[in-house]
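Consider the two complexes below, in which chain A is the common component and chain B and chain C are the respective partners.
For the complex of A and B:
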């Protein structure tokens, strides 16, 4: 009897144009100017970053722009032990960071953690940007976040954003 | 069965490429318009059901981010189908039959312009024997059109006449993408895209979104002077393998129409026939007489937002009943290659 066919390759490749939309386009352009811009819901007053143009809770358009601090609080994090990216040597920390003034966390890398210090929930961090020449409309314009010399934020200050 | 009627319909302007707004930004005003027009408060809507495909944007879970357009807080009853929104409307109709809720908003969106939509459609074919050859949506439709010509059921002139009539009808539809008075002889001088299909016999590439509100008995009567009552709705499917089917007929559409109670006595038919020859197959399968006005909106040849074009057929037919232009109509939606799966919705108003 001949060997059964156990599998074959059928490569699939599709290419797409991405449409960020009005709100996210403004956000991406601001990143290229070393600024982080969110949008506030006129109804519930929550500030979204990146903004998508609509409040997901109230379903009303968000138009008011809010410039956010480049500092924030780690709300939760994980330690990555698998080499997903060539550029980053594991283990490293990926964290959910609530920027000061924002109501939704964004995800980024944590680097430059001082020797002997562990990343914790509530840890205060700041953005480290690429050089001016490398600024582009992408969140990669922020290389990573690093711990700053501030006391940890109390749990109550971010518990609604986990 | 509980009485269920369509009471509100809204759609985005159908365009070739919406490069300014993302899906949520297109969808949010359409959902808002449909709900406001229904007269039911957003917080009183009992069920939310949607149809879309993540393959269109190439973005996993894009249907979840689309919920931003609805504002699902406090938590709502919600469901999504990776299908045309017409099937989401079917699910919503079933859900209202449960008896505990009285209204639903159904929406669908499709930005067909983000990738190569004809190639994306290849991925719905048999992954072992067909898809690796990469026949795209137009290639596969051309096989069907060729079979129809070979069977002597229709001619290329018939295809052009279907296209011309739909796009002429679309001149009365301000939301249509392609509308105009086209000369059939001129259309027949176009080059083939894939023989025997010329450009005019193929659907446009469309970005769009649709939303419909349905409600039961007394609520529908309270909110709408003339609800488009759904008297029958059914969907049927045929074999996946193209070679196992007679592509010149549509037994699934015929059976769905029988089960939905279509008995020929309709004034309007909104048929989801993205390719011109498919309207001819459907007209035969549904046994629609010459007096039936087919696609007063222009149909999918005038605007084809993939995943929303079927729901648009239901909305367009319902709107004409609500407006008093007709008393009985059918709407049809299709999914899969070469009319593989078909849904028929019969509606009445008085």
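For the complex of A and C:
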């Protein structure tokens, strides 16, 4: 009898051409200019970043643009121990970051955490950008977020955004 | 009509999503694939005496566990087929070919594989085809590169 096979690689590969739409394209172009621009819903006043052009709650177009701070608050995070994203050596922290003035959190990498300090919910962070020459219409233009010397934001200030 | 400003047009970029799955095959399909590595095709005998290709772990009628292995031929008969005019990226051949159900000699069920017939006019139901093995076999259904009309081998 032949040596039986236990299994085989069966990767699923999906090749898309991603078109983010008008609103997110404007946002991505603002990123390439080192700016973070969201949109405010005219009805509920929530600020979406990245903007999708409509408010999913109110179902109305969002047109008012709002430039956001490059600082924000970690609402929640996880420690990644598996090397599935090959550019970054684990362990590292991926976090939801609520930018000041925004009502929806971005997901990004946390780096430069000082020795002996733990990442926490409420931790204040700032964006670290790539060099000017490398700016492009992608969120990778922000290399990562890093802690800043500010007291943690109180839970009540971000509990609606978890 | 207003001119579209290229700076305001929607962006677009390639986006590739890939899941690196490994599929576990179980003892019966595992043995079938292992035999392919040795350029042999093995079926399994069902409770009613039929030889099933590809083999299955349990009898399709009674659910009984199956264990009697039967060597079958590497040639057989096309029972039905469909011509592919424009092969897609993941198809086994880069040129037009047929997907066919092939009942191998000694088997009672047909298995799906590709037939490299060159032209649709060469395909007929009932035609005889033979395995073309891949130069390097590894224990995968693709060890059978395809089937070819028997007189062509």
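Please note the rule applied: the second predicted complex is superposed on the first by the 147 of 162 C-alpha atoms of A that agree within 3 Å, B and C clash if a C-alpha of one lies under 4 Å from a C-alpha of the other, contacts with A are read in each partner's own complex, and residues count from 1 in each chain.
To be clear about the criterion, contacts are C-beta pairs under 8 Å (C-beta built on N, C-alpha and C of every residue); 3 or more make two chains touch, one makes a residue touch a chain.
Please read all numbers here as calculations on a predicted model, not as lab measurements.
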(message) So in the superposed three-chain picture, is A:122 touching just chain B, just chain C, both, or none of them (first/second/both/neither)?
(response) neither
(request) Pick one for A:28: touches chain B only (first), chain C only (second), both, or neither. (result) second
(request) Return first, second, both or neither, reflecting whether A:101 touches chain B, chain C, both chains, or no partner chain. (result) neither
(request) Check the residue A:56 against both partner chains and state whether it touches chain B (first), chain C (second), both, or neither. (result) first
(request) Pick one for A:16: touches chain B only (first), chain C only (second), both, or neither. (result) both
(request) Spot which of chain B and chain C makes contact with more residues of chain A, would you? (result) C
(request) Go through chain A and flag every residue that touches chain B in one model and chain C in the other. (result) 10, 12, 14-22, 24
(message) Touching residues of chain C toward chain A in the complex: what are they?
(response) 7-25, 27, 29-31, 33-35, 37-38, 40, 139-140
(message) For a test of understanding, state which residues of chain A touch chain C in their complex under the given definition.
(response) 1-22, 24-26, 28-29, 137-138
(request) Can you check the complex and tell me which residues of chain A touch chain B? (result) 10, 12, 14-24, 52-61
(request) Under the touch definition given earlier, write down the residues of chain B that touch chain A in their complex. (result) 18-25, 28, 31-32, 42, 55, 57-58, 65, 67-73, 111, 113-116, 119-120, 123, 127-128, 131-132
